[in-house]
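Report on the structure given below.
Per-chain residue numbering starts at 1, and chain names A, B and C are given in the order in which the chains are listed.
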Amino acid sequence: MATLTEQPGGPSPSPIDPAAARENAQRVLRRKKITAGIGKRIFLVVISVIFLIPLLWMLSTALKSTGDLSKVPPPIIPQHWAWSNFKEVFKQLPFGTFYLNSFWITLLTTIGSVASNFIVAYGFSCIEWRGRDKVFYLVLGTLFLPFPITLIPMFDMFARLHWINTYLPLVVPAFLGSAFFTFLLRQFLLQIPRDNLDAARIDGASEWRILWQIVAPMARPALGAVAIFSAVGAWNDFLGPLIYLQDNAHMTLSIGIQSFQQANGNVPYNLLMAGSLMIILPLVILFFIFQRYFIRGITMGSFK
Amino acid sequence: MADTLQAQAPSAGRRREPRKPMSPREKQNMRRGLLFLTPWAIGFLVFIAYPLVYSIIISFTSYTGMNHAKFIGWDNYKSLFTDPLVGQSIGNTLFYAVLAVPIGLVVSVLLALAMNRNVKEVAWYRTALYVPSLVPVFAMSFIFVVLVNPQYGIVNKVIEAFGGGNVNYLAEPTSAKVVIVVMAQLGAGNAALIFLAGLNNIPQTLYEAARIDGANPWQSFTKITLPLLTPAILFNLITGISGGLQVFTQAYIMTGGGPDNGTLFYMYYLYKNAFSYAQLGFASAMAVALFLFGMLLALLVFWVTRRFVNYDASAA
Amino acid sequence: MRRGRKLAVGVAAGALVLTAAGCGTQSTGGKTKIVVWTQQADPVGMAAQQKVINWIEKQMPNVTIELDRKPGVAAGDNTQLITAVRGNVAPDLMLTDRFGVIQQAALGMLKSLTPYIKKDEAAGKGNVTKKYLPFAVGEGAWKGQNYALPYDTDDRALVYNKEVLQKAGVDISKLDPKNGPITISELQAMAAKVDKKDSHGNYTQVGIVPWWGQGEPATWMMGFGAKFFDNKTCRVTATEPAAVKAYTLLDNWVSKLNYTKLQAFLAAYAPPNAPPTISPIYQNRFGFEITGNWDMANFKNYAPKMKYGVTYLPVEKKGQPPSTWAGGFALTMPKGTKGNHGQLAWEVMKLYDSAYGQKVFMTATSHLPTYTALLKDPQVIKGQEFFAKQLSFARSRVPLPIGAFLWNDQETEQDAVLLGKHTPMQAAETIQKQTDSMLKMYCPFKAVFAKPAGAVN
C-alpha cells in the first residue's frame, strides 16, 4: 500500500532501452484503449437498455390506440401510433395548471433543501466543536421517525397557522434541513481537507465566506445530488400535496394523474402512461443537464 | 492497508478525552457551529421533537384521532407482542430489508461505476440508468405488473431462459416480497448518484500512482476506490436500513399487503392502524418501537463501522 | 456573502408568491361557497358532476359550488378526511364510498343528516330518504341517525361467453334467467368442460375462477345467507356456517384445479390493474365470470363482437331464490368545515342527489341510480336492465364501523385458504379473533339490516 503513495516519475524497473519500452507501451495502451472502449460501451449499452425498459414500455403504451391496448399479448410496437393520446390528456385534465403548481413547489423546495442542508452540514463537519458528533446522532435517529405519525400533529399545526391549501406546508420544511440531506452532505464535507479551511481562516475569511466560496465548489457533486433528490422528491410527492392542497387550483401532477383511476378500478392505460411520460419528461431533461456536476474536475487540494 | 486507515482516522471529536474547560477559541467554534445548526434546530423542534413527543403521549392512550384520548397505560405496547400481525409484518419487513439493503448497495455501486466510465457519451448512460428513479411509484407499479407477467413479461422470459418461468410471482407471499426487492433495484439510481459523487471525490492522481506501481484494476478498486468510498457506503447503508425498515409505498400501491399478508410490511400495518382502523394510539406505539429500534441499529452501525470509514482522501 | 443575500431575497419573493397563491379561496360577490370533494374523480364522472353543479347554481343563485377531485387512494383510507376535519378545513359535502360511511360516522367525522330531514318533514317537504333504495339508505345509518344520502349503486351477476360455452358443448339454454339461477354444482360441471391446458400443463382457457373479479368471499357468503353480525353479542359472526361454507366451497374448488397454474393464467390474461380493454372473457379465455353492471359499458366499448349472456349468481340448491349484493357511493356532510353552511349544504346535497342529478351522472357513467323512480327510466338503465331488476332483491353489505377491516380480513383469509395455509375453519376463527378486538372500541351498537327494495321496476 505504501508504494501507492509514491509519486509518478520514480525509477523505472525495466532493464531494457527506455525509449523503445515507452513506445511499445504506448502502442499496447492505444490498442487496449480501443478494445476497452468497445467493451465498456457494450456493457453500458446493455445495462442502459435494461434500465430503459420501463420507459420504453411507457412510451409504447402511451402511443397505443384503444384497439392496440386490447390485444393479448400487447404488441410491443403500436400498430396505430396514437400521438393524440398526449393531446387527450390535456383535454381531460388541466395539466397546465398541474405543471405550474408542481413547478413552483419543486423550485422552492429544491432551493430550500440545498441551502439549508448545506449550511447545517457545514456546522456538522467543517467547524469543530465539542459535542458535535453527539448532536449528530440525533440527526441519524430522526431518519427512523415513521412519517404516518408525524402527519396528524403536523396537519393540526399547519391548520392552526391557516397554511392548508397553500404551498407553505410543502415548502417551508425544506428550508429547515432534513436528516437525510444533512447526513449526505456531512459525509462529503468531512472529506474536504481541513488544511484548506484553516488556511482560509488564517487569511481572515469568515465561516460564511468559506462556506460559499471554498466549500461549495468542492462539494458540487454532493450538492448536485441533494438538488436532484429534492427536486424529484417534491415533483413526485404524493401524500403531502394530497392532504395539504385541497382544491383543484392547487393540485399537482402526481395527484392529478391518479384521476385516471376510476372509482371501479378501470384505468385507461394509454392516457395514464402518456400523462406519466409528460410528468417525468422535465425531470429527465433536468437530470441530463445537471449530471454534468458529477465530474471529476475539482481535485482535492487545488484550492488555497 | 488497515494500518494506514487507522492512522488516518480523523482525530477531532472521536477520541474520549477528559472533560476540560473550553478555551476561548473552542467557545467561539461552538458558537459558530451552533449558529450554522439553527435551521436544523428549528426544524428538529417543530417537525421531529413535537410529533415525537405527541406520539409518545398518544401511544399510552386509546385514541381514534377524533375522540378524546383515553389513558390506557402500557396496553398498546403489550399489544405489540400479542397482535400476530405485528409479528408477521416484522417478519416481512426484515425479510425485505435483509435482502434489499445489501443487494441495493452492490447494485448501486455497480451503477455508479458504470455512470463514471470515461466515455464521451456518458451523459446518456447516466440518464438512462437514472430514469427509473424518476418514474413515480404509482406509474411504476403499473409497469412492473406487466414486466412480471407470466405469459409475456420480460422478467419471466429471462427466468424461462434459465429453465423456470410461467409463475405469478405476485400470487405467493414469499415471491411477492422478492418482486418488491427486485423492483426496488430499478430505483438504485439514487444511491448510485451518491456513490458517483463519492467517486468524483477520489483524486485521479491516486489511480495514476497505483497504475505506475503495477496495480491491476481490481487492486485499484479494492485499495483505493472502496476505502475512499466508505463515507458514501456508510450513508447508503444507514439510509438503506432506514428505507428498508420503512418500506411502504410499493406494497400500498401494488399488492395492498397481500397475498395472505405476505407484503404487509411494518410501516404499512402502522399506516393502516392509524388511518384505516382509527387505532392511532396503537399506531403510535408501533411508531415509537420502530423509532427506538431503528435509531439503536443506526448508532450500532455507525459505531461498528467508524474505524473503517475514511474521510481523508489526501492521506491515502 | 453576496450570494447569500441574493438567496434570502429569492426566498422572500418565493414566500410572497406562496401567500398570494393561498388567498384564492374566499367567497366572492356575496355568494356562499360550498365545497364538494368527489372521489368519482375520473374525467367522465367529473364532467357529469360539473354539469349538475351548473344546474344547481342556476337554482340557487346565492351559492357557488367548487368541485374538487379527490381520487380514492385505497378503500378505508381516511387520511385526507381525518386530517381535514381535525384542522377545520373539511369540505361542506363529500361524495365517497358508501361502504366507509359508517366508520366515519362512528368516529365522529360526519354531521348527522337527521336534523335536516326532520326539519324538512316539519315544513311539510316530506322525508327525502324515502326516495332512495332502502338498503342504500341503510348503509348510511348509524345509531338511529342518517349520515349519508345514497348516490350510485351496482350489483353482481354471472356473465358468460356464449361462444366459449357452446364450443365446449355446454347447453346455454339452461342459463336463461327465465329458468331461475343455476346451482353451484351445475356451474362447476359446465365450467369443467371449458378448462383447457397446453402441453406444458398451463391453462389456456378456464371455465370460471370463482374468486376472481367480484367473486369476493362476501359474494359467496351472502349467497349462502350469511348474517355477518350479531346485534345481541355485538360480534362479527365469522364462524357462522354460511361463512365457513363459502371458504369450504373455494377450498374444494381450488383442489380440483392447479392453483399455481391458475394464478399464472390469471396474471397473464387478467393482470391486476389491467386496463378495461383486456379481460380474459373478451379473449375467449373465460367461460364465466362474476362481475357487475359497470362492465357492460366496457363490453360494449372494448368487445363489441363478443356474444355474452348475463344470469343470476348460482345458488346452493335448485329452486332457491337468487341473491346478489350492491355497493356504491354516497353524499355525506363532514364535520369541521371552514364555514357553517349546514342548511345550504343540505339543500345543495339534495339537488346533487335529485332525480336530475342522478340521471345526468348515471347516464354518463353507466352506473345504476339509487333514486328509485329512475330505475323505471329506460334511458338511465340502458344496457344494465338485468342488473337494475336485481336491485329488487339485492342486499348491501351489513354496515359496520369495521366494514373495511372485515372486508380486508375476509380477502386475506381467502388467500390463506387458497394457498392451503389455513383450513376454512381456521380462516373463520382468525377473522373472529381479529374483528373481536377491533370492535371493542365501537360496541355496543345495533347494525341496520336493511331489507331489499322489493319490486322497483
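Of note:
Keep this in mind: a contact is a pair of C-beta atoms (placed from the backbone, for glycine too) under 8 Å apart; a residue touches a chain by one contact, two chains touch by 3 or more.
Protein names from UniProt, one per chain: C = ABC transporter substrate-binding protein.
What you are looking at is a predicted structure, and each value in this text was computed from that prediction instead of being measured.
Chain contacts here are complete: no pair of chains fails to touch.
Set side by side, A-B and A-C show the greater C-beta contact count at A-B.
Centroid to centroid, with C-alpha atoms defining each point, chain B and chain C lie 38 Å apart. Note on chain placement: the centre of chain A and the centre of chain B lie 15 Å apart, centres being C-alpha means. Centre-to-centre, using mean CA coordinates, chain A is 40 Å away from chain C. The set of chain A residues touching two or more other chains comprises 72, 74, 151-152, 175, 258, 267, 269.
In chain B, 65, 142, 146, 151-152, 275 are the positions where the chain touches two or more neighbouring chains simultaneously. Shared interface positions of chain C, defined as residues touching 2 or more other chains, are 79, 82, 86, 269, 273. Of all the residues in chain A, the ones that touch chain C in their complex are 66, 69-72, 74, 92-93, 104, 107-108, 111-112, 115, 151-152, 155-156, 158-160, 163-168, 171, 175, 206, 208-209, 212, 239, 242-243, 246-251, 255-256, 258-270. Of all residues in chain C, those touching chain B in their complex are 74, 76-79, 82, 85-86, 103, 107-109, 200, 202, 260-261, 263-269, 271-273, 402, 404-405, 408, 411-412, 415-416, 419, 421, 434, 437-438, 441.
Within the complex formed with chain C, the residues of chain B that make contact are 62, 64-67, 83, 85, 141-142, 145-146, 148-152, 166-168, 170-173, 252, 254, 256-261, 275-279.
Those residues of chain C whose C-beta lies close enough to touch chain A in the complex are 1, 3-4, 7, 10-11, 14, 17-19, 21-22, 24-25, 35, 37, 39-46, 66-69, 71-73, 79-80, 82-84, 86-89, 91, 97, 154, 269, 273, 275-278, 282-283, 292, 294, 298, 301-303, 329.
Residues 1-8, 10, 37, 40-41, 43-45, 47-49, 51-55, 57-58, 72-74, 116, 119-120, 122-124, 127-133, 135, 137-154, 157, 173, 175-178, 180, 182-184, 187-188, 190-191, 193, 207, 221-222, 224-225, 228-229, 232, 236, 238, 254, 257-258, 267, 269, 272-273, 276, 279-280, 283-284, 287-288, 291-292, 294-296, 299-301 of chain A touch chain B in their complex.
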